[in-house]
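Some structures to go through are shown next.
In what follows, chain A forms one complex with chain B and a second complex with chain C.
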Partner chain A sequence: MHSIYARVNNVSATLSSTVMALLAAIALSSFIFTAQPTGSLDIASVKVFAGEARRYPHRRQEYAFVNFNITADLSPLFHWNTKQLFVYLEAEYTNAKGVRNQVIFWDRIVRRQEDAVIAVSGKNKYPFREISAKFKGSTPANYTLKYNLMPFVGVLTHGEAVRVTDPIDFPLARERVE
Partner chain B sequence: MFSDEIKTLRRLGFRHVLLQILNFASVLTSGLMIWKGLGLITNTESPIVVVLRSAHRRIRVSRTTLSGSMEPAFYRGDLLFLVNPANKRYETGDITVYRIPGQDIPIVHRVLETHDVVKVVNGVRETTPLPENQLLLTKGDNNYLDDVELYKGLDWLEHKHIIGKVRGFLPYVGYVTIALNDFPQLKYALLGGLGLLALVQRE
Partner chain C sequence: MTSLQKYLEGKIDFEGQKLVERISHYAVMELAIFAFFLGFLFQSIQMTFMVFGVGVGIVLAIIIPPWPMFNQHPVTWLPSKGTKEKQQ
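So, the complex of A and B:
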């Protein structure tokens, strides 16, 4: 009854069940924190240039170049179960062929609350290409700053920090930089 | 050394041994049923995956996923819980687990672009794009470039390549499976030990 085997068995059973209960409590607690980040997003300019398509050097494809200013305070999203934030800037539009597109062209990983106030005036980090080769005839694009909250344990949540007030048109493609 | 155990085994008789084997088998099968039931609810072939980081050591097991490219979010040994809602499109920012045909080990990467292609069927354009026609581009958070080079000649990732998207996260627990796969002896020792214990256990 009081053998080593029984003791080890009891201790490990208690340990694992308490750890599991604690982890579950932490995971559930993050549903209580429903902070909404604030900020502003301003698209300074959108330019479109024709270039070579990736992998197909003889095919032309249009690339959009976006300059933007972000000021956002994401620090309310940091609580005891926030491991990191994946913050990304996304353009959403429908092209002339009726294809709805969502493209991430800038992102940042925020790992500390001290870094959660974002003030960036930047440009594309990733190429922003149109799948049908031309932006002509596309609807104006909606630009949104979104985030993905990644916890230490539990459910991953997605949210929207800020979006532009009005959708922005794509300009006509230019052949070269002036 | 085992004389005591053998003695108890003799005393308990054949029926008892059969009963214990049945108990052990029911434990194994209920585990399998929970796994398959989870798969049914979440609509994925593997609802829980283990992050397996080392790209140079290819361990041939399913239910594991290759990444180092998602650090600092996911490390080796982390458990990821997947869902794959039927008839729903993926969004940018979703973390998907996908397998390219001809590749053994799935990859866990984030969706960078989605394109909801509208197909023309028999000369009629569909009114709403179907999720299975969606084209996707993914990228590891820790990588500089997107995944086109990993697609083995495909230009886009398609809905059918995706096993599921990451919904929940539990760190470190997957090390148990990694250890069992890295050292098969451990697996057999554990299974054998459990079986023996189940046999000689009283009542």
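So, the complex of A and C:
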């Protein structure tokens, strides 16, 4: 502590420990906030069409098209340690081979509390394909609106905002749009 | 040359060192606690780090330079007794 260098060394050592403790306290404080978002999710229609598979010119591949309506209020999830929310729609089903699949076909990133009230009626953003090429024999799919809460400091937390009450069956594949 | 070295070294006396150590520990820790609760109260992590950053800047400005208040107890040496030859 006698010279400038000794003082800089000492205070920076204190600072690093203190900043670590401060960050740990902030990370722990986010466990206090356990708000549950509310909302409703309605799957308007599910259609399956057969098409050409990408990259394989002559292989047939089925595509599902989902139309949905979401109204959800995710603003309770915003507290001082919320950086952003990753909100996504997921279909969960078991295919004919007995493999459990979870497919995300729509998502949105919410950065501000003002944008946290979601009212969307839309269709899937990403291609919804079955890895075995056919939806035939799959169990009915459960549709859920889920979120990942990304904090500034601390652990990423997952949650489920809304779940469709009854699983919805995949219809038979159609060759063309009527 | 020696004056430049003295300026860069910024020596303070023993009492000053004790005071600086106390300021650096307690001020930084209390600042962190204060900033945490302020940010929690206003639900703003930006506020926490702004308050903490500004506070740390003030603490550094107080601690780092060899202010005169850290040099108020200079070490007083005993007078020299002279060499052995002179005593005999």
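Points to keep in mind about this one:
We take it that the second predicted complex is superposed on the first by the 177 of 178 C-alpha atoms of A that agree within 3 Å, B and C clash if a C-alpha of one lies under 4 Å from a C-alpha of the other, contacts with A are read in each partner's own complex, and residues count from 1 in each chain.
By definition in this document, a contact is a pair of C-beta atoms (placed from the backbone, for glycine too) under 8 Å apart; a residue touches a chain by one contact, two chains touch by 3 or more.
Quick caveat, the model's predicted, so the values are computed rather than measured.
The superposed arrangement places chain B and chain C next to each other on chain A without a clash. The vertex angle at chain A, taken between the C-alpha centres of chain B and chain C once both structures are aligned on chain A, is 50 degrees to the nearest 10.
Residue contacts after overlaying the shared chain place A:123 against neither chain B nor chain C. In the superposed pair of complexes, A:29 makes contact with chain C only, with no contact to chain B.
Of the two partner chains placed around the shared chain by superposition, neither chain B nor chain C is touched by A:47. Contact with chain B, but none with chain C, is seen for A:111 once the two complexes are overlaid on the shared chain. In the superposition on chain A, contact of A:131 is made with chain B only, not with chain C.
Contacts of A:152 after superposition: both chain B and chain C are touched. Using the contact criterion defined above for the overlaid structures, shared-chain residue A:101 touches chain B, although it does not reach chain C. With both complexes placed on chain A, chain A has more residues touched by B than by the other of chain B and chain C.
In the superposition on chain A, A:163 contacts neither chain B nor chain C. When both complexes are overlaid on chain A, the residue A:86 reaches chain B alone and has no touch with chain C. The overlay of the two complexes leaves chain B and chain C separated by a minimum Cα distance of 12 Å. Overlap of the chain B and chain C interfaces on chain A comprises residues 152-153. Against chain A, in their complex, chain B makes its touches with residues 72-73, 91-95, 110, 112-118, 125, 129, 135, 139, 141, 146, 148, 155, 166-171. For chain C in complex with chain A, the touching residues are 8-12, 17, 20-21, 24-25, 28-29, 31-32, 35-36, 39-40, 42-45, 48, 52, 56, 59-60, 63-66. For chain A in complex with chain B, the residues that touch the partner chain are 23, 27, 54-55, 83-84, 86, 88, 90, 97-104, 107, 109, 111, 126, 131, 146, 148, 150-156, 158. Looking at the complex, you find that chain A touches chain C at residues 1-4, 7-8, 10-11, 14-15, 18-19, 21-22, 25-26, 29, 79-81, 152-153.
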